[in-house]
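After this come two complexes, each holding chain A, first together with chain B and then together with chain C.
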Partner chain A sequence: MSGVVFEGVTKRFGEVVAVDDLTLEIADQEFMVLLGPSGCGKTTALRMIAGLDDVTAGVLRIGDRVVNDIDAKDRDIAMVFQSYALYPHMTVRKNVESPLLTRAFPVDDGAPRKLTGEEREKRVKEAAATLGLSDLLDRKPGALSGGQRQRVALARSIVRRPEVFLMDEPLSNLDAKLRAQTRVELVELHRRLATTFIYVTHDQVEAMTMASRIAIIENGRLQQVGRPQDVYERPANLFVARFIGNPPMNTLPALFSRNGTASQVVCGETRLSVSEPGSAADGQAVDFGVRPEHLTVAADGLPAEVKAVEMLGHERHLVCDVNGAAVVIRQPTEGAPPQPGEVLHLSADPAEVHLFDAETSERLN
Partner chain B sequence: MAIDTHAPRLDETGRHRRLRLRRRGSARWSGRPGVRARWAKNAGWYIFLTALSLLVLYPIWMTIVRAISTPLPYIDEGQPLWWVRPQWDIFWRAFTLGDMGRAFFISAIMTTVIVVAQVLTSVLAAYAFAFLEFPLKRLMFVVVIATLMLPIEVTLIANVKTIREVAWLGVDSIQSLSAPFLATAFGIFLIRQGFMGVPKDLRDAATLDGFGHMGFLWRVAVPVARPIIASFIVVSFLSAWNQYTWPRAVTETSSWNTVQIALREVSTTRVDQLNIGFAAAIVAALPILAILIIFQRHLIRGLTAGAVKG
Partner chain C sequence: MSTEVQAEAGEHAAPAPRRHRTSRRTREALVGYLFLVPSLVIFGAFFFYPFGRLIWLGLHQQNRTGTATRWVGIEQYGEVLGGEEFSQGLWHSVQYLIYTVPLGLVLGLLLAVAAHRRLKGIKIFQTIFASTVASSVAVASVIFFVLINPQVGKFGRVSWLDLENPDSALFAVSLSSVWQNLGLTFIIVLAGLQAIPDEIIEASILDGFGPVRRFFRVTVPLIAPTLLFLVVVLSIFALQAFAQIDILTQGGPAGSTETLVFKIFNLQQPAKQPIGSILAVGLFGVTMIVSLGQFMILERRVHYGN
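Up next, the complex of A and B:
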């Protein structure tokens, strides 16, 4: 069992910098999710851990070992691919067995050696039983459903009992219902195996629901690392604020105003109280953000014209226009919904207003 | 972890398909004008395709008819479409005539050597061109492909000279019959295309599974590209078995005749027994027919590979 450490790791493809000076420590037995939009470098980071891409600069460790120059097959990792990458001509049994064929494994605490056919079969059966594949061992991938293929890919990774599991968007080819179910099963699998999981996704729901910690990456740079709730409640910058949460955080440009001890943002004609930021100066241009569930309709506040009302059953979303920007309010379904065209006044608890520097996009409060 | 085999969903799909089929079936007999028009269109296509097949099958049928018929009565009857006074043992006689059997044996060995060597060299070269990075790769590939443009006549004299100068090769030997055909640009090109279709994730998965180049080649790349390799085997077999010019140039004694040379001799020396020439031609084509039947499934898949999303 071991963690993974990036120390100033950079990956360049010619002129393109895919991963830029990444420093990140992933603890042993952690479920770390690398989250970011397409092309942000998260998959490249994962492929560097796997040994499928070289490290251009910096140091990459798995456990105590620097692995920069160690071949993929000699790193103790297993990977689940987005496409599952099952060998189409082999049965499920052969697919799951394939990682056991070329390597030496320690058996009964003895010196590592290649497994015998019987030992391999035993391990394949164990892995198949763990993932509910015992009845499908003699089928080929073509005769399986998407969910079953995904399980075979998982079985192939657990059969060799690696120190680190790498998963590259393994749920993205499943339908919504199966995805939700598999999320729960992956968390359960992580608990049972008690091994480090590193999981790449662009889906913040997957990140929020499964991760012990999330690392948010954009343009090859690490934006923030933290527990899902911390990242949600205190996004480190404007990108994270807008990326995490569904619907995303509402952000509007404003000016910061310090009036004695009271801190406010001035947006159009309206002033909203905010919690005291450490570094903002009076008159500084800022972006302030409020999550849809923290906006409330009040007698006085930010004027917002209702454009549309989305009914979701358990709640409703009011899509409003504030100074030309779209703002979403999340409300319980009690009472009659406002009509499109109606003007509401919005306010928010000062503790729930996030303040970001308009120039650097960094968090101020 | 819960077991989820999705059996209900598969069942559902199956049931839907049956329902759809039944609905289509009932529409067929409902006599609606749209359905009738579609049937008329289909019938037109079938007539057209049948006519085309007859055009292709006619020469083959006539070869069989002329092989079986006794030559003079057949000509007297005005060369009809059906056989006249059939001689059913004609095929066996053609096979046992002169050195036909021996020629079959020589051709079989030559063809086997060529096909095995071509598949081996093509698979290895195609692997390098498809999966490895090395200097001048593109240029080397262009040079390989350029050799496709050279017909055998261009290199014939130079090759014959080589055969006569290199003692180990020499005329009248399996080496000399097969030497110029042990590698082929066509095979390299075709199999490379097959390998290029192997998804990158499979390569990565094989790397993580610890397969080296040879492991990946034989365990993954070759099985995945099997349809294309099978179609190449058929093409390679066809061209090796049907060779005439090269064996003619490097054989001197008739005991080294290949099937095509023996066939030519049968048809030119037995003008009194026209039918035995036809029968020999049919016998000579049987191995090709066998190979086609064996590889038919792969051949169709290989030739349509990439054309149809599977």
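Up next, the complex of A and C:
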């Protein structure tokens, strides 16, 4: 059992800094999701753990071992690639068996040795059964569906029982329905195997639904680490606030004003009260953020012109224009929806207003 | 388009739209054949007609001036194809194939694997390795001739490259072919290597495959279609080789480099043309059998991906 620790890890490709001074501790048996937009460095971080990219600076540990100079094949990890990277000329059986061919494994608590053909076959069958592939062992990847290939890739990674599983956007090639189903199965698999999962994705829904903790990365820099709910409720900066949540958090430029005990943000002509102003100072320029579910239509408040109404069945989203910025409101479907062109007044739940420094984008409250 | 037609068809009564569809299909077929006409004309003029004429000539005898022909029949094919001329030429051609194809393929593969690494300055080596593609057979043969010339050549004293010795001449000529074809083999294998997804190679690294196992278990199977193509093409090249033989040995010494093609070339006087024609038809048959055989044997072991 082992966790993974980044201590000030940097990766440069020539002039380009892919990962910048990353310090992150991934606990044993954790389901850690590295989340960020494409090109943010999350895959590079994963590839450094795998040993496919070397570390430019800093220390990388798997368990107690510094692995900076350890070959990929000698690390106790398995990886599922975005394209699955199955061997197209081999059957499913051979694909799943391949990590067992060259390594020594402890058998019955004895000294590690290479497995016999029978032992390998037994393990392959176990892994195949776990992922529901038992009937497909003699097929080649070309004869499988996308979802089945993805399972073969998973089987190939679990068959060697590694300390750490690495997954690089493994669901991105599946259709939406299969993706939702596989998310549940991955969480289940993580619980059953009780090992460390490190999972890279740009999809915040995957991160929110599966992670025990999320590490959000942008431009090679770690923005925030935390449990999904914490990251959602208290985003550390404007980037995280806008990246997590669907539809994303509404943010508008405003001035903060503190008047005795009463705190307000002034946005255009409108004042909205804030119950927890944190370190925001009177007269400070801020970006204030409100999630779509914390905005309500009221008698007076922020004037917003309705641009579109999106009906989702269980709720509806009003896409509005506030001083030239798009603002989304989530509403229950009761009553007649407002018409595009209509001007509404919005009020925000004072306890749910997020304040960010307009200059540094860091959270203030 | 077609869904629109079907939607319309659904609204009307059945028979009328059906006729409409059939006529449309005929029209499409006609257009298709029209597109085939240019290539049919070219193949007809430069392949089918000459080939037919070759077969026809093999059934006849011709006088010294080529002005008169006389029917002798299919027996002439039996005589010539069963004769020493054909079997000797075929044997030299087959030897030539055995010398050139495996060696050329292995060398091209090694160079391509070496050049596939992403090292600085590798483009220069790739260009050098590929350079023989850009030189003509004649030029390359002359260069080779100079290299192994006993008086001035760098390799003039190498006994197994001696063009004067009947035991080594064919091999020496083969070696020049290997060298000349190396650029093509190299480029095609390199393209095949570059088409292998990085992730598959990385997966094999994580699976613990060392370089040798990776090469034989992953790389070679994945470029197998490329290698099959090269085996077939290089075999055809070998069976058709002419210019390098003509320049280096003119079929000598003592006829030891007279391949089938060279013999056909030597039978160009009108009176011997029918014999040459039969040898040519025989060569065509041999080439076809070799290619089909390679496809059938190797195809079973070749994986074409998805």
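We adopt the following convention: the second predicted complex is superposed on the first by the 363 of 365 C-alpha atoms of A that agree within 3 Å, B and C clash if a C-alpha of one lies under 4 Å from a C-alpha of the other, contacts with A are read in each partner's own complex, and residues count from 1 in each chain.
In this text, a contact is a pair of C-beta atoms (placed from the backbone, for glycine too) under 8 Å apart; a residue touches a chain by one contact, two chains touch by 3 or more.
What you are looking at is a predicted structure, and each value in this text was computed from that prediction instead of being measured.
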item	value
Overlay on chain A: chain C relative to chain B, clash or fit	clash
Partner chain(s) touched by A:348 [first = chain B, second = chain C, both, neither]	neither
Partner chain(s) touched by A:141 [first = chain B, second = chain C, both, neither]	second
Contacts of A:290 with chain B and chain C, given as first, second, both or neither	neither
Which of chain B and chain C A:89 touches, first, second, both or neither	both
First, second, both or neither for A:50, with chain B first and chain C second	both
Chain B versus chain C as contact partner of A:320, first or second or both or neither	neither
Residue contacts with chain A in the superposition, chain B compared against chain C	B
Which superposed partner A:130 touches (first chain B, second chain C, both, neither)	first
Intersection of chain A interface sets (partners chain B, chain C)	50-52, 72-73, 77-79, 81-83, 85-89, 98-99, 101-103
Residue ranges of chain A in contact with chain B within the complex	47, 50-52, 72-73, 77-79, 81-90, 98-99, 101-103, 130-132, 135-136, 145, 147-148, 181, 185, 188-189
Residues of chain C touching chain A in the complex	197, 199-200, 202-210, 213, 218, 221-222, 224, 303, 305-306
Chain A to chain C touching residues, read off their complex	50-52, 72-73, 77-79, 81-83, 85-89, 98-99, 101-103, 140-142, 156
Complex interface listing, chain B residues touching chain A	1-6, 9-10, 199, 201-202, 204-205, 207-212, 215, 219-220, 223-224, 226
